[in-house]
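The letters A, B and C name the chains in turn, as written, and every chain counts its residues from 1.
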C-alpha cells in the first residue's frame, strides 16, 4: 500500500497564515492504515493547527471531514459545497488524493498535509518499509520474490556490491538489509539458485517513471 | 487559548484517580486552576486528548500513569509516555514550549506527592507571569 | 447494560507436574469437569499422586482418577488455541490425530526444566562430582536393593550456592539431601556457602536441622575447588577441606517450548523466559494478560515444591472465583467497534494487550420485511468478555471507530467546529 508521513507542522501552517476557513479532508484508505491521514490524524491536525496559528491567525475556522478514498471522484463529490465554502482545502491523502481533489475542484486551493513516500508493507504495528518502486516491469520471479529495484539501494541486478556486510547495506546498516543477501538466501531456500547464473541485462527504465507519466488502459473495460 | 492558568491532569483512574480521591477524602481538594480528567488506563491517552486540552485553554498538561510493571493492561504507562513524547514534539512544532506537557509515573499511594508536583510544574508559569 | 453469559464449569489443565495434578484435584473437588492435557509421555498417575498433600491420601487421590469428571490426554501437541474466556477451544494433535477440547478457562502448569549448569559451575560431572538428583537416585537404589551403603566413611562436600543464587526448588532439595546423607550414610557432610540466603519457607528450619544432624557449615569467599585423582578440595575462609565426593544442586530454566506455547496462547513471557513478565497485578496471583488463562507453579514462579502446590491451589481458587457462579459478565466499561467505520487496518487487533479484539464477520441486518438494512461486513470486533476496558485500541484507531462505552470525557474533547465528531456518551 501507499505509505506516507505527516509534513512538519510549520511547513503546513506557513500556507495558512491568512486563511479564514480551512477544510481538512482525510482519507480512510492507505494513509489511514499507515496512521498518517485518517479521521484520527485529521482531528489531531485540526487541533495542532489551532495551536500553531493561535497568535498569527486565531480566527481561523477549521472544518474536518474524512472520506473513504480521495482518489475517487464519487467519494469526493459530496464535498463540493463545503469545498466551495472554504478558502483552502488541506488534503491529508496521498499525492494521488491531493491531485484528484485539485482536478475535481479546479477553483479550490488544495494543499498537501503529507509527504507521500513509497509503496510498502507493515513490518509490525507502526513500522512500514518499502517494497515496490513501480518500475512497470516486475521481475520478482527471477529474484525469489525479493525486488532488487525497490530493496537494493543501487538497483543492482546481478549481485551485491562491495558494501554488503553481515547481510546489511552500507547505506544504512541499522535499517537496510542487503537485498542481494535476501535474494541469495531466498533462491537457495526454494532451490532456484541457478537463476542467478542468468545475466540480467541493463534495465529498460522506459516502463518506469523515467519514461514519463504512465497510464494503464483496460480496453475491454472502456466502451 | 494556551498560556492560560489551567493545568489539566490527564490521569489513569487506577493510580492518579486513587490519588485524587485520596486527596479529596483528606479534605485536600486540587487547586481551582487544576482540572482533573480520568481515563481508564494510560493506554487511553493519545495525542488528540493532550492537544485538545491545550486547545481548550490549558496552559499545561500533566499526564499521569502507573509505573511500568504496575499497569493492569501491562503496556499502559509505556503507551502514555510514548504518546506524551509525540504530543510534545507536535506542540514544539506549533510553537508551544515542550515543558508545558509533562509525563509522570504515579502509584495509588502517592497522595503526598501530587500537590507538590503540581506546584513545581507550575513554577515556570508563575515566574513568567511575574515578569 | 450487563449481559450474563452462562458458562460450563469445565477447565483445561496443561502440564505434567505435581502442581498440574493439584489444580486438577482441587477443581474436581469443587465440582468442575477437568481436561488434563500433558505434552509428555509419562503416566499421569505419578503426577497426580505427587500432588497429594501427604502419603496417606495418595490412595484417595488415585481413586479420583476414576472420577468420570476427569479426562486425561497424554503425549499431546497443542496446535492452536481458539476462542476466549468462557469458550476456549484447544486443538491438539495426538498420535497423528486431531482433537478438539473445549473449556471455559485454562491453567498452564507446565513446570520448569532441570539442567546441570556446567558453564556456571566450571566443573564437569564425574564419578565423584555429582548432582543432588544423582545422589538421591543412589540413595533410593540402596533402599530398594538392600545393598551395602556406598560412600560410607567418606567425607561428602556439598556446595549450596556455587556460581550465584540457586533456584529455591533445588536449594531446598539440597538441604534435605544433606540431612538425608547424615541420616542414611553417616559419613561426614560439609556444606559450603557464600551467602546463605534464607528466603524460602522452611529453609531456616532445614538449616537448623542440618546443624543438629551434624552437618558442618563452611563459608567461602571465592569458589576454589580442585578435583584430582586424590579427591576433592574446597577452600573456605579458614582453610581447605578435602573430601571424597562433591555434590552440586542443579539449576532450573524455563521448560523447552515455553516461548512457543506462549505465542500459541497469546500470553507473555518475561525477560527470564518464564511465563508472564513481572507485573504486580499478574505475577503472584498467577494471572496472564488474558482473562481465563492462569499460571500455576514453577512455570511462572521460582518456588520450591510445597509452594508450587499452594500456588496451584490458588489457581484453582482463582478459577472458581471466575466461573463459580456459572456465568460470566463483561466489565463495566468496555470497548466497542463501529463495524462500518472500521477499515480493517488490524491496528487494534495488534495493539490489544489482552487479545480481546478479533477480525470478525458481522452478519447482514435485515428489517422485518427481510429487506437489507445493513450489509454484511468483515471488521474488528471486541470480545466483550475478554475486554478489560484499557482503551489502547481506541487510542490507536486511525479512523476513531472505537469507543469506550460508559467512559465520560470532558466537553472540550469535542472540537467545537466539527459536527461530524463522535460524541462520547
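Here is the rule we use: a residue touches a chain if its C-beta (ideal position, glycine included) is under 8 Å from a C-beta of that chain, and two chains touch if they have at least 3 such contacts.
Predicted model, so just to flag it, every value in this text is computed and none were measured.
Taking B-C and A-C together, the pair of chains sharing more C-beta contacts is B-C. Put simply, the chain closest to the centre of the protein, by Cα centroids, is C.
Chain B and chain C have Cα centroids separated by 37 Å.
Here the spacing of chain A and chain C, counted between their Cα centres, is 46 Å.
Shared interface positions of chain A, i.e. residues touching 2 or more other chains, are given as 40, 43, 47. Chain B has residues 46, 48, 52, 55 in contact with two or more other chains. Residues of chain C in contact with two or more other chains: 396, 415. Contacts from chain A toward chain C in the complex involve residues 28-29, 32-33, 35, 38-41, 43, 46-47, 61-66, 124-125. Touching chain A in their complex are the following residues of chain C: 341, 343, 345, 347, 350-351, 396-400, 415, 417-418, 420-421. On chain A, the positions that touch chain B within their shared complex are 8-10, 13, 40, 43-44, 47-52, 54-55, 58. For chain C in complex with chain B, the residues that touch the partner chain are 268, 277-282, 289, 333, 353-354, 388-392, 394-396, 404, 407, 409-410, 412-413, 415. Across the interface of their complex, chain A is touched by residues 1-2, 46-48, 51-52, 54-55, 90-91, 93-96 of chain B.
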